[in-house]
Structure formats: C-alpha cells, structure tokens
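Note that subunit A is present in both complexes that follow, paired respectively with subunit B and with subunit C.
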Partner chain A sequence: MKSPFRPDVVPNAGILDDHKPLIRSLERRGLIRGGLSLGALVMLSGCDLDRPESVESALLAIGRFNDGVQALLFDPNKLAPTYPASMILRPPKFNAYYDVVDVKPVSDATWRLELSGLIAERRPWTLPQLQALPQTSMVIKHICVEGWSYIGGWTGVPLRAFLERIGADLRAKYVAFKTTDDYPSSIDMATALHPQTLLALKYGDDSLADPFGYPVRLRMATKLGYKNPKWITAIEVTNTYPGGYWEAKGFPWFAGI
Partner chain B sequence: MKQVKAETSSKPAQSGRRLHPLPVRIMHWINAVVMLVMITSGWGIYDDDVIIRGFHFSQFWRLGDWAAWSLNWHFAGMWFLTVNGLIYLVYGFATGRLREKLLPIRPAEVVQTIIDTLHFKIAHDDITVYNAVQKLLYIVVIFAGVSQVVTGVAIWKPIQFSGLVSLLGGFQTARALHFAGMAVIVGFLIVHVALALLVPKTLGAMVTGGPRLDPRGRAREGHAI
Partner chain C sequence: MRRTVPIRILFAFCLVSATTSVAHAQSTTPGGMPSPPGMSLAESAAMRFPQPVRVGDLLGRDVLRPVESQDVLGRVRRLVRDRNGQIMVVVDFGGFLGFGSRPIAVPVDAMVLLGQDMEIVAFTPEQLRQFPTFSPSGATDLADDTIIKVGLAKPSH
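Presenting the complex of A and B:
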C-alpha cells in the first residue's frame, strides 16, 4: 500500500546529484554549529534558550530607562534611616562573587589609593593620610539585591569631603572604583556627594576586618550592597560610563534604594 | 440560587455594548501576560534568598536564566503592570463598570454561593452576572494587584520611600507582604483559569467581547453565549 505521506509527483532525483557538494557542506556546517552551540549551552547553563539577543537588548534598554528614572527619584537631601549602635551586626555579613576563604588580604604598608581622571590633585594617598581626615560614622541598613539585609556601623571619610579635598570635578557624571579583587564599580556623582556615602575605614569602632575590605571600602546608604566595592585601590572621576563587575553580567547599574 | 433571566429587548441585537468592551479585553490580556512575567520573574528573584526556608521554585518555573535577568524582567514588567493597572482602574471607575459588576456583595449570597458550589451547582447560564463569590474574588485580586505595586515600590526604593516602608513594618516585612501578595494572585489565577476552562464561553467572551447587554447591563435573550 502506498504511504499517504508520499507525494503523488516525486521530484527529479537528479536535483540531489546536482547539489550533492552543497548538501554535504550544509550538513557538516550544521553539525559543527550544532555541536558548538550545544557546548556553549552547557557552559552558559541555558542562557541562549532563555534569553534571545533581541529580548536581552530590549530588557537592557528598559534597564537604562530605569536608571534614568532612579536618578530622578534620587533625592540628594533624603537621609536613610539610622539605627542605634546596639543594633550593629558583628561581624557583618560577608558576600562576594567568591567564597570568604578566597579573600586576599591587603597589606597597608604597600597599599596606596591611586587617583585619576577629572581630579586636580592626583597624588596617591596612604592609609594614615586618609585616617587623618575628619571621620564620620553612620549606622545604616545594608540591603542586598538578593533580598537579605542587616544593620552595620561604618566610620570613614565622607566621599564628598574627599572629592572636594582632591579637587575633583563635581559636575562630572561618574565616580569609578578599582579594587584588589577585580571588582570594578562605579556610581553617579549625585550619590557620591550624598552625606551617607563614605570611604569606610572602620566597622563599629574597629578597623575593617580583611574580608570586609581592609583598608578602604565604599559604603553608601542609598544603594544596594553590590554597588559597594571593597579593598579600593583607585578612584577615577569621569564622564565616560565605567560600568562594573555585576553590571557587565546584566545587573542594573544605578541600583539605588 | 435565583437566576436573573435575560429580558427580551426590542432593539436589534447588533446594537448595545458588549459584556467585555474592547478596552477591557485589551487590558485583560496585557495584564494576563504581564502578570505571568511578574510572577515567574519574581520567583527567579526570590530564589536567591528564600523567605520560606527550604521552599524554592525550580528553574522551569522561573523567568530569566539567573537572578540578574529575572530582575531585569521584573523591572521591565513593572511599568506595564502599573500603567495597565492604573488605566484599568480609571476606566473601571469612570465608566461605572467596577461598581456595576462587583457591587453590591451580600454576605448571605457569598455563603449561599459557597454552599451551591460545594454541591456542584455552579450557575453559569448567564455569564454577564457575577455571583457573590466571583465578585469577592475579583475585588480581592484587584486589591492584591494594587498592594503588589505598593509593596513593590517599597522594596524597590526603601530609602527614597522610607516612610512607606516603616508604614508597612520595615523592609523585610514589606518583602514578605510582596511575597504574600504574589501567593494571593497565584491562588486567584488557579481558580480563575480553572473556571474559565470549565465554562469555555467565558474565555470566548474575553476574546470576542461576549453577549451584548441591555441598558441594565444584563444579557439580552439568545445572546448569553
């Protein structure tokens, strides 16, 4: 019996012969491509399936719009709630893109804070020099993008005072940070100038412990946890978007709270 | 339960507004898609730091292959949810649709409908009139939607809207309320979809507009399909 799926009129079999090299090359190319994307799929744990490029760029475009909205919502004079020192969590919660055992402590003997970009006095700073500047303390909530939060007490140099001291262009768009743990980060100037944005040197009354950014880290009351780089080694003031570690992987840049 | 019988109208069947006017249908289906986006991307965000210990959503149910993209979906969907929801509420109040469809709710009717439902006597001859339980569920889910926007704003901007956060009982409480609101909406969704599939003409009505109504907002005879 003739299969119902077989066409009544069969195409000329010569077509196959005429295009044999083409067909063969297509198959081979397809195999290689298929093999490669399967490998990529395994490595990226399904990124390609979940997130086609068009969807990704649309989401990123809305993300940039959201950054703009967040900048508008940011009130430079609005202070985050503060808490009594008795509520400070000791030690603070460790969180990074690697495990706490992989923290590489920084030696304060060799440590310098390098400055670059739109800054008048770009000589590097030592830790004693930073410690000699007027210090401010704040007990604020740390809110992680994951959802957890804790209350921490931080002491250090207000970033605004530091930027003024070094003659930074305060009309520039961004302040960018480099760290010893390859965790570049950047923030908007408005947040950099907020009174609750510190170059933190102490947690509670003690100097920062190694896992929490000794000797200097950033602490802002108005941004999510991942915007606060630890073990800072360089600060740049710039008008060119500097991005950041998590931002390059898809997290929003502004991340204001 | 008493059934309100459709009245015969002398007007031609072609005139008169439909059960679900076009704007309602558009907003309904936008909301359906956006709600699914918000729920499933929310599950992806939730999974990074669970509220209920040991309770996870498997990757299959999460939108976004990891937290950053779940977050991006969520922060994109929020605009559509909020704007669509606001237009729906303004439309519903301005046209009187919300009051006409959802009020009044009499407690005795709620009890009677529950008893009837437990006896598998679900009256659905006339889909233009909601029973008391339906009305209650729709009001609950509208409030849950509004509540999700409010608690969502609170956990999105807990410092800029710190007053709202303390009103809600703190950041972690606001977060738990946002999770609870999701649970209410998902609960509604299960019942809503199950009933729509049991009475498919309600599903059709949300696509085509459904029967045309007489001036009292009831179905005309022969058009309760």
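Presenting the complex of A and C:
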C-alpha cells in the first residue's frame, strides 16, 4: 500500500549527500537518524529541494521553530532542581571550544564590566563593586549538550537584580554578553530575569578559578551549558537578535532544559 | 500539498527533539596531549591550570583515555607518595569487567581531571601495558583529606 505521507513528486536523493555535515551534526543520536529522512525534509521545506540552500534553511527553520516552542513553554516562576552542597563537584568540569592550555587568565586590575544598549546607567563596573552587591548561592546541575553533566555550587549577583540596578529596559528582548575568549552569547529576557540566573563570582566558597571564568561568568539552571559564557567583559540589552558562538554554527539559540 | 500541512507540523515536532540534541560540534580538538618534546611531565601539567582536589574524592574514579571513544583504562585505587616523593595515582589497569586488572602507578602529572573522571594524557595504553605492577614498598598512602593539585583537560568527545 502506498504511504499516505508519500509526496506526489519525489525529490533527488543526492540532496542528502550535499548536506552530510549539517545532517550529521543534527543526528548524532540514533533516534534522530531515524527521524530525519528525505520525506521529512520534503514536508518541511515545501518541496523546493532542488536548491541545496533551501535544505539548509529548512533545517535551521526547524531550530528556530523549536526555539519558539521552548520560549512559549518557559515558565518564569518554575525552578529547576537544586541539590545539597555535599554533592558539589570540586573542582568543576572544564569545557570550551579550545583546550585548557589556551585559557587566557583575566587580570582584575584592568577588568571592567562594560554596559551598553537599553540601559540607563551605563558606567562600567569593577569586581569589588559587583562583590558589594547582595549575593545569592545555588547548587544546580550543569547539563552539556554533549551529554555529560555535573552538580556545581555557584554564588553571585542575580542577573535580574543587576539589570534592575543598572536601569535596564526589562521589556527588551535580549541580553547579550561579550567575553575575553571571543565567545559572544545571548539569552532571552525571560530567562535573564529568572531567579536561577546568576552573574557568578564564586564556585563553592572560593573565587572562580581562571579556567572557569574568573572574574565573572553566567550560570543559569534553565539552559544548556554552552549558553553560559565565561570571562564576561560586556553586557548589552537589545531588541536586535545578537546570536552567539555556537548559534552561528547552527546550534539552537534558546537551548532550554 | 494542502493536506500535508498538519503532517508537516507533526514532523516539525518530531524534529524538535532532534534539534535540541545537536550534540557534536562542542569539541573540535581532542582533550589531552602528551608532553611537548623536551618538556617534563611537571612542566606540561603546569600548563593545564592545576586545581585543588581532595584525595578522597579521587578514589574509585574512572580513568579514561583522551580519545573520542573515551575508553575506560581503569579505576583510581589509591594515591601514594613514592620513595622519590612524587605523587603517584595507583590505577587498576586493564582487565575485563573488573577481572584481570593489575595496579600500576601513574605520575599524577601525567593525568588530568575531567569532571567526575580522570584521564591519562601523557601515556598511550601500549606504554601503560609496559608499566611494572605497583609494589607498595617504599610508598606511603596520601590521607583522604590531603589536597593535591591536578591539571584539567577539555572533554575529548
């Protein structure tokens, strides 16, 4: 019996070969391999498979659609699980897009946190000024898109309190970050205001160690690990989509857990 | 094509889970590396931002090979200071399903922390097979509460 899902015109199967790297990045898990077929692509791309770029844009459209669904499902008051301090992994697990030997420690003598965009008070902040703000601690799971996780204990300034303090426009869409390791990142305002989103200054009871983002990094309980930039040097509040390092390579932007 | 619109949405939902698990591109270079030529183990370990860790927290950890498949080479049995004063990690090496392994002493500077695991970065499995079986004479155990420093690596997968 002919499948009711089969389109009337079957596209050229070579289209999948043209996009092997992109498809492979999408289908590391075996489950996904079964899900992504030429047939599925036809349904999603409106059949215009003769132009290879239409396939790529279809795959990326799936990612954007997914981001939208996740943003709709995000509950700004729902808390991610927390854990007892005895479960904190010391030291935490290192990861970056380069190996640890290439980490460039930040000197706190010259470090400033620059502010820009839809913010009333845009003067830069020093580390002692951030340390003087009320601090919050949380023991949360760091979940990497690669499949591993660990429980970490973070202390710092809730991003919501900081944004309120600097007079940021909390109706703006995005909060964007710049770092010393060329790892731009950005998040939605709803997550920026979530109670488990911290500008982290400490791990356990100690200052962040150099490989983990000293002096300031982002830690969120509600997003995947790659959304948490380290060695932050600038924050911008904006309505223009800022993207990010992995997002530019096709990773989902919302990346909620 | 009109009737396919709901099916499209269905497929989109199937693929929602697909795109949340884009799992690969995070690592492009293998974690771990042997010491560069002419550099001692201690010098290369010092480049890996050694972090304080409690000896008792290392016992029982899996010891991995720094390759994408992350083969388990063994498990940390104990940490000792050898007769030269060097800190060695005694690893139950090799075997199958816990049987047939033997203890070997690996310099801590040849190893890194990888989250909840450790890795041997400075020796290949072939080299490790040539290591003598660990003999406790002349070695003193490090107490569980001792804090030592061990370098880091990024995941190899």
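Observations on the model:
Note that in this section the second predicted complex is superposed on the first by the 205 of 257 C-alpha atoms of A that agree within 3 Å, B and C clash if a C-alpha of one lies under 4 Å from a C-alpha of the other, contacts with A are read in each partner's own complex, and residues count from 1 in each chain.
The rule we apply is simple: a contact is a pair of C-beta atoms (placed from the backbone, for glycine too) under 8 Å apart; a residue touches a chain by one contact, two chains touch by 3 or more.
The structure displayed is predicted, hence computed values, not measured ones.
In the superposition on chain A, A:Gly147 contacts both subunit B and subunit C.
Legend: residue contacts after superposition of the two complexes on their common chain; A:Ala132 is shown touching neither subunit B nor subunit C. Looking at the superposed arrangement, the partner reaching more residues of subunit A, out of subunit B and subunit C, is C.
Contacts of A:Ala120 after superposition on the shared chain: neither subunit B nor subunit C is touched. Within the superposed three-chain model, A:Met87 lies out of touch with both subunit B and subunit C [touch as defined at top]. By the touch criterion stated above, A:Pro252 is placed in contact with subunit B and with subunit C alike. Contact with subunit C, but none with subunit B, is seen for A:Tyr97 once the two complexes are overlaid on the shared chain. In the superposed pair of complexes, A:Asn66 makes contact with subunit B and with subunit C alike. In the superposed pair of complexes, A:Phe74 makes contact with subunit B only, with no contact to subunit C. Shared contact residues on subunit A (touching subunit B in one structure, subunit C in the other): 44, 46-47, 62-63, 66, 70, 144-148, 246, 249-252. Residues of subunit A touching subunit C in their complex: 5, 7, 24-29, 31-32, 35-36, 40, 43-44, 46-47, 62-63, 65-66, 69-70, 89-101, 103, 144-148, 150, 209-211, 226, 246, 249-252, 255. Those residues of subunit C whose C-beta lies close enough to touch subunit A in the complex are 1, 4, 7-8, 11-12, 14-29, 31, 33, 47-49, 51-54, 57, 113-116, 151-155, 157.
Only residues 44-47, 49-51, 56, 58-60, 62-63, 66, 70, 73-75, 78, 80-81, 141, 143-149, 221-222, 246, 249-252, 256-257 of subunit A touch subunit B when the two sit together in their complex.
Interface residues of subunit B, counted against subunit A in their complex, comprise 45-46, 48-49, 51, 59, 63-69, 71-73, 75-76, 79, 156-160, 162, 166, 171-172, 175.
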